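Labels for the chains are A, B, C and D, by order of writing; each one numbers its residues from 1.
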Amino acid sequence: MKYVIIGSGIAACGAVEGIRSTDLCGDITIIDGEKRGAYTRPLISYFLSDPDRYRDIDYRSLEFFGEQQVEIIPSRAKQIDRSDQIISLDNGQQIEYDRLLIATGSCPLSPPIPGAEQDWVSTFYTIEDAELIVGQAAQIREVVVIGSGLIGMKAAEALHKRGMYVHMVEKEAHILPRQLTPRTAEFLNEHLSSSGWDIITGEEVTVIHPQHKVELKSGRMLSADLVILAVGTRPAVELARQSELDVRTGIVVDAYFQTSDPKIYAAGDVAETLNLASQQLEVMALLPHAHREGYLAGCNMAGQSKPDPGSILMNSVRLLGWNICSAGAADYRGGELLTWQYQEQLLELKIRDNRLIGYIAINVPEAAGPLTNSVSRKMAISAASWKEFLADGPQLLNIPPVYWQELRRAEAYGSN
Amino acid sequence: MGAPLNTGFQMSTPVFKVDRDQDRCIQCGVCVSQCANEVHHMDSDGWMWVEDEKCVACQRCAVLCPTRAISITDYPVIFRDNSHWGSASLREIFRQAESGGVLLTGMGNPRPYKNYFDHMLLNASQVTNPSIDPLREPMELTTYLGNKGDLICGEEKPFLKLKVPIMFSAMSFGSVSLNVQKSLSAAARDMGTYWNTGEGGLHPDLKEFGSCAVVQVASGRFGVHPGYLDNSAAIEIKIGQGAKPGIGGHLPGEKVSEEVSLTRMIPAWSDAISPAPHHDIYSIEDLDQLIETLKVASRYSKPIAVKVAAVHNIGAIASGIVRAGADIVVIDGFRGSTGAAPMRIRDNVGIPIEIALAQVDSRLRDEGIRQQASLVAAGGIRSSADVIKAIALGADAVYIASAALVALGCHMCQMCFTGKCNWGLATTNPELSKRLNPELGLQRAKNLLAAWGHEIQEMMGGMGINAIDSLRGNRLMLRGIGLNPQELDLLGIKSVGD
Amino acid sequence: MRMKVISIPEYCLGCGLCEIYCAAQHDGFNGNVLKAYKTGQPDPRSSLIRSRPVSWFNTCMQCEEAPCLNACISGAIKRDRDGIIYIDENRCVQCYTCVMVCPYGHARPSSRSGRIMKCDLCRDSEGMPACVKHCPNGALKLWQGGEEQ
Amino acid sequence: MSLREGEVRIPSGCAIAGILNRSGQRFDGTPIITCIANMHQRSNGLGGGFAAYGIYPEYPEQYALHVYYDHDKAREECEYYLNHNFNIALQGPVPLRRQARITNAPIIWRYFALPKEGRLYQEEIDPEEFVFRSVMYVNSCIPGAYVASSGQNMAAFKGVGYPEDIGEFFRLDDYAAYLWTAHGRFPTNTPGWWGGAHPFTLLNWSVVHNGEISSYSTNRRFLEMYGYTCSLQTDTEVITYAVDLLMRRHGLNLEDTVDVISAPMWVDIENQRQERLRRVYASLLLNGPFSIIVATSNGLMAINDRIKLRPLVAAEKGDCLYVSSEEGAIKVVEPSPDRIWSPGGGEPVIGLLYGKEQLIEPDAKIICAQSA
């Protein structure tokens, strides 16, 4: 059995582990488009903030690929011939496959802003982007970051740590629009601003002028030695579309990660997978899911049949010492919102028909685990017990006992 | 009548001093959480302080402290040297002057009376007859208790089969925690011996251990009902207890929890006094009737034991008991322990088990009725050497209770009657009794019996004996050291060198 | 061969010795409680949940499909040959994703140092895990693939 | 003067031997003397003795009392007592032969006596009990007198010296018996007292014993409950009283007696009877290393302790049964036996005259149900 994986990210590594969990002798080939090995994309901001400390940001070491007998070809896949099951690469190589996994992940959006093509304007998505910035770091004093998503935030934090003055421009009404609610965003915004960030919300960049000037819609003019485009990402589906696979925003896959071609699978940020909260197939593009999806796709490619249990939107990020965990649905219409605040800690619980459907925890990591799992396992825990939980103080001690009983029953405690 | 003074002022300095080595203390608070006598305190600002006078030297804090920061010592203030008025006498008077009441205490007689076990030495074989190697030859510890009779004809009377000649003595549920009884009953079952329910009835959780239980019937008849008598291996009538001959049982109200009151069929939180004497035994023939009644109640299927404290004239008493139909006579020496007893009685009443046992064995043999009953020695058995000596003097088997409690963690602070036993033994408070994990208790109790069993086999092998039957009453194997001729004669043994 | 420490609340006295010995067994103190608490920054890997009437030691369940291992963005959480899941400290970037996904709330940041605290079954020292060895009442057991130690 | 048996407990190793002709055919003492002489180095010349059954066919009913006197006064006092209680058919000194190595022998007389009917009636006991009590009386209450043996148509010839010299001294070649047992002693100090030598006798019983009973005190204090006074403090005395109690007074058969004195281990016990035997007679279990030969007019039983710490060999040739501490001692008398074997621990060697079931007929009074 010959397995080929296009892409060398988290999903690819997961797939290797999945295949090897049953098929120890099939040969596996990874087509590494970025030619930089299996590094962890989120860590590029850590690399940017302290290149010596975070020199090695490999997700899996080279020995790992050695142990698992995986061949890595540093080249980009140009075309997939589905009938002959052959992939042709930039370097002219032709690779046959019995099973193919498309794990090309996503790529950054570059908004149609005039002047965005200048060299001091770039996206922040690959290790090269980070290395370029590190190279010119000495000359940069002032930066404009367009977009306050996770990537924008971590890039801004890295640059801030290097002593640069950060302007952040956000189109929406508040920062981290996909993760936070207005109140939590305001709470975080106040912390970041007081640490010296210039956060401008509800504004758009209209023109990037050549003499390091950035003009906003309101006419305000910012000077910047560097501009970071962090307005979001989209799944890298070109290859899939070109091979006439069924693609919507991401590649459409069934519960076993099979695309419309039974020999081709897709996993990670590129694929649309089940969001348990909305019961829809969506592109969630989250690292923890990528590893799970890759692993299960690998198992299924190797002959097992492991359906995807699906997961929920969740994220945990550290910004200037603060920890922000959020999971589950962003909106809570028809539900109830419970909040708890104490000094630098803020916790919001979203409850609907006696279930926790989402939460946002700022600096309350101790209870995060059980809260996430209450949401993902749709545990029936009444609003009353959540109110009591908040009243007693959101520590592990006060997690509603129902949670533990439900968990023990689900996990058949002690056996997993 | 005396009325307790309600002044906080205490006439004497505390008995013990609790020292905390600041260099070692890491303010982890384990001592505070573990001391039920509330000696240790830690304020919210981290300041730690102690109340010496509440300390009973149970060593719980010293043992659990992860950095050994705590040491309990005698309070340094010593009264002027006086061979008559010792510090204990003075303190006792101080306490009574304050309370006006009887001084209560726990465990056995601690006074420095001569300990005869420590004045007897064992024989060993040299040259003329070889010792037997217990590693290569089987060493038989199995012994039977009951009325064996003189002949093998006729219907055999019921008996108890012990794989090791050591049984766990009476510690009632209420006096000790349920976990203690769970540990000892399981250990008894696993090691092929018996445990005694004590006068507190049989707790429902221990039903499965009835088959290896000696159920006690005391003057209070606590928890005695047909089911209780049926679900047992033997029935023991408690006439007396070594620690408090002549007076009855006393379970302080603090220890009579809901569960205890249910098991004993008495009202909760009220003092449980079992009167002395049994109000239906005012002379020996009454005992005969009670024994006969119990035999009928148990359809002659179980041996009936009678437990008496070792007092003067014990020989005649034992002879009477055997002639009254008892199958097992239990003699409890004056070192025997108790959960609660007046200090004066515990320290001044009763005679040593060694002499009592020897007298009873000789007396029964002289009257030719030794085969009609087995003899069990109890009270202060501390080691397997004591067991061997007791059996050599004439006992069929021994009862241990203090030794078993020590195996489970007791540190002899003698405060059992308070119900605040920090080792979770002599208490029914759930927070405290939880401190004895019955699974660990079972292991510790089993190890004690196994260890003593091995030691007994080693010593028997050294004497050239490979069966416990040949050790029973084998007084030639004992020699007295530092004993006067009369004591030697009473014990029926020769002196060393003889 | 799967191993983990399980807590038996029935016998847990809530005394806290497990935390003390756990902290002393890690970070180079190799079991010396005094040194750990007097000179170092002791951090217990598991935390004792003290509550009435029952306390319990929140240990790691060493899950078969470990959510923390899957979710770790830097690949710092690994499983060694004995199946023990541990954190490679110098790879960890303290992003708390593992804290967010652990169903038992076991993985958590240390209040003192912010490092992620997670039980590694004292894999660097011989014999029983320190908490199991020092529990005064047998309330912690090393569960080993079906039978307890 | 060193203490004699009774005043002190004298441990001793030794040699034992026994020869039985099952058909009852009698033979002189030479074979037994040759046999015990061969084990010369097993004794140290401080004790030797023989028991012979069937040597007084002419006085089958009478009890042949062999009495040792330290001085004539003791003889007068003892004879006065005997005449008061017994009808004496014949009395006289035991024929002896000067033997260089035998010195300071006591005055040795023998009396063929039957208890007087009147005395029996007065005491309301059967003759055996009467003789038993008389022997106890002479031994403990008449100073200087000691009854060496008191059986019917049997006698014990014992004293201080090597057994072969004792045999010559008592002219055993002049006697003819169908059953001989012998004993050579190795005591650890020097008792000058002939009475303390083996075999130990009681009525028809004679016991020779090699080894030491570590359960002596337990056995003894049990026997004292049944009226036995162990005056000599020797193991042999205790063994004899034990078998007497078991077989004669409690009527146990041979097999049961073996199951008491050399009881099988609890784990090896197969049936209820053995278990009950061991429970009732636990204090009669003989513990410690021993090999003994118990003889009566009906035959002998030789047995080892249950873990066989002492040697014992047996052999058969036609009607003859040989038992001894060493194989060599048998081979010197009977070079080619039909069968020769070494019995296991607790495994008895039983030799009975043809037609005899048991070593001794139990008392009429107490007959226990004799299950198979």
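To be clear about the criterion, a contact is a pair of C-beta atoms (placed from the backbone, for glycine too) under 8 Å apart; a residue touches a chain by one contact, two chains touch by 3 or more.
The model shown is predicted, which means the values in this text are computed figures rather than measured ones.
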**Omitting chain A while every other chain stays put - resulting connected groups** = one piece
**Contact-richer chain pair (by C-beta pairs counted) among A-C and B-C** = A-C
**Prompt:** What chain lies farthest away from chain A once each centre is taken as the mean of the Cα atoms?
**Reply:** D
**Asked** From the C-alpha centre of chain A to that of chain C, how far is it in Å?
**Response** 29
**Prompt:** Which integer distance in Å separates the CA centroid of chain B from that of chain C?
**Reply:** 43
**Length of the line joining the C-alpha centres of chain A and chain D, rounded to whole Å** = 104
**Prompt:** Between chain B and chain D, what is the gap in Å from one C-alpha centre to the other?
**Reply:** 48
**Item:** Chains that touch, pairwise
**Value:** A-C, B-C, B-D
**Request:** Please name which positions on chain D make contact with chain B in the complex.
**Result:** 9, 11-13, 188, 211-212, 214-219, 221-222, 224-226, 250, 252, 256, 263, 265-267, 273, 276-283, 285-289, 306-307, 309, 366, 368-369
**Item:** chain B - residues contacting chain D, complex
**Value:** 125, 128-130, 132, 137-138, 140, 142-144, 148-153, 156, 159, 365, 368, 370-371, 463-467, 469-477
**Asked** Once bound in the complex, which stretches of chain B touch chain C?
**Response** 23-24, 26, 28-30, 33-34, 63-64, 66-67, 430-431, 434-437, 439-440
**Message:** Show me the residue ranges of chain C that touch chain A in the complex, using the header's touch definition.
**Reply:** 6, 47, 49-51, 58, 61, 63-65, 67, 70-71, 73-75, 91, 93-97, 99-109, 143
**Request:** Note which residues of chain A are touching chain C in the complex, please.
**Result:** 14, 40, 42-43, 46, 54, 56-60, 287-288, 291-292, 295, 314-318, 323, 325, 327, 365-370, 372-373, 396-397, 399, 407, 411, 414, 416
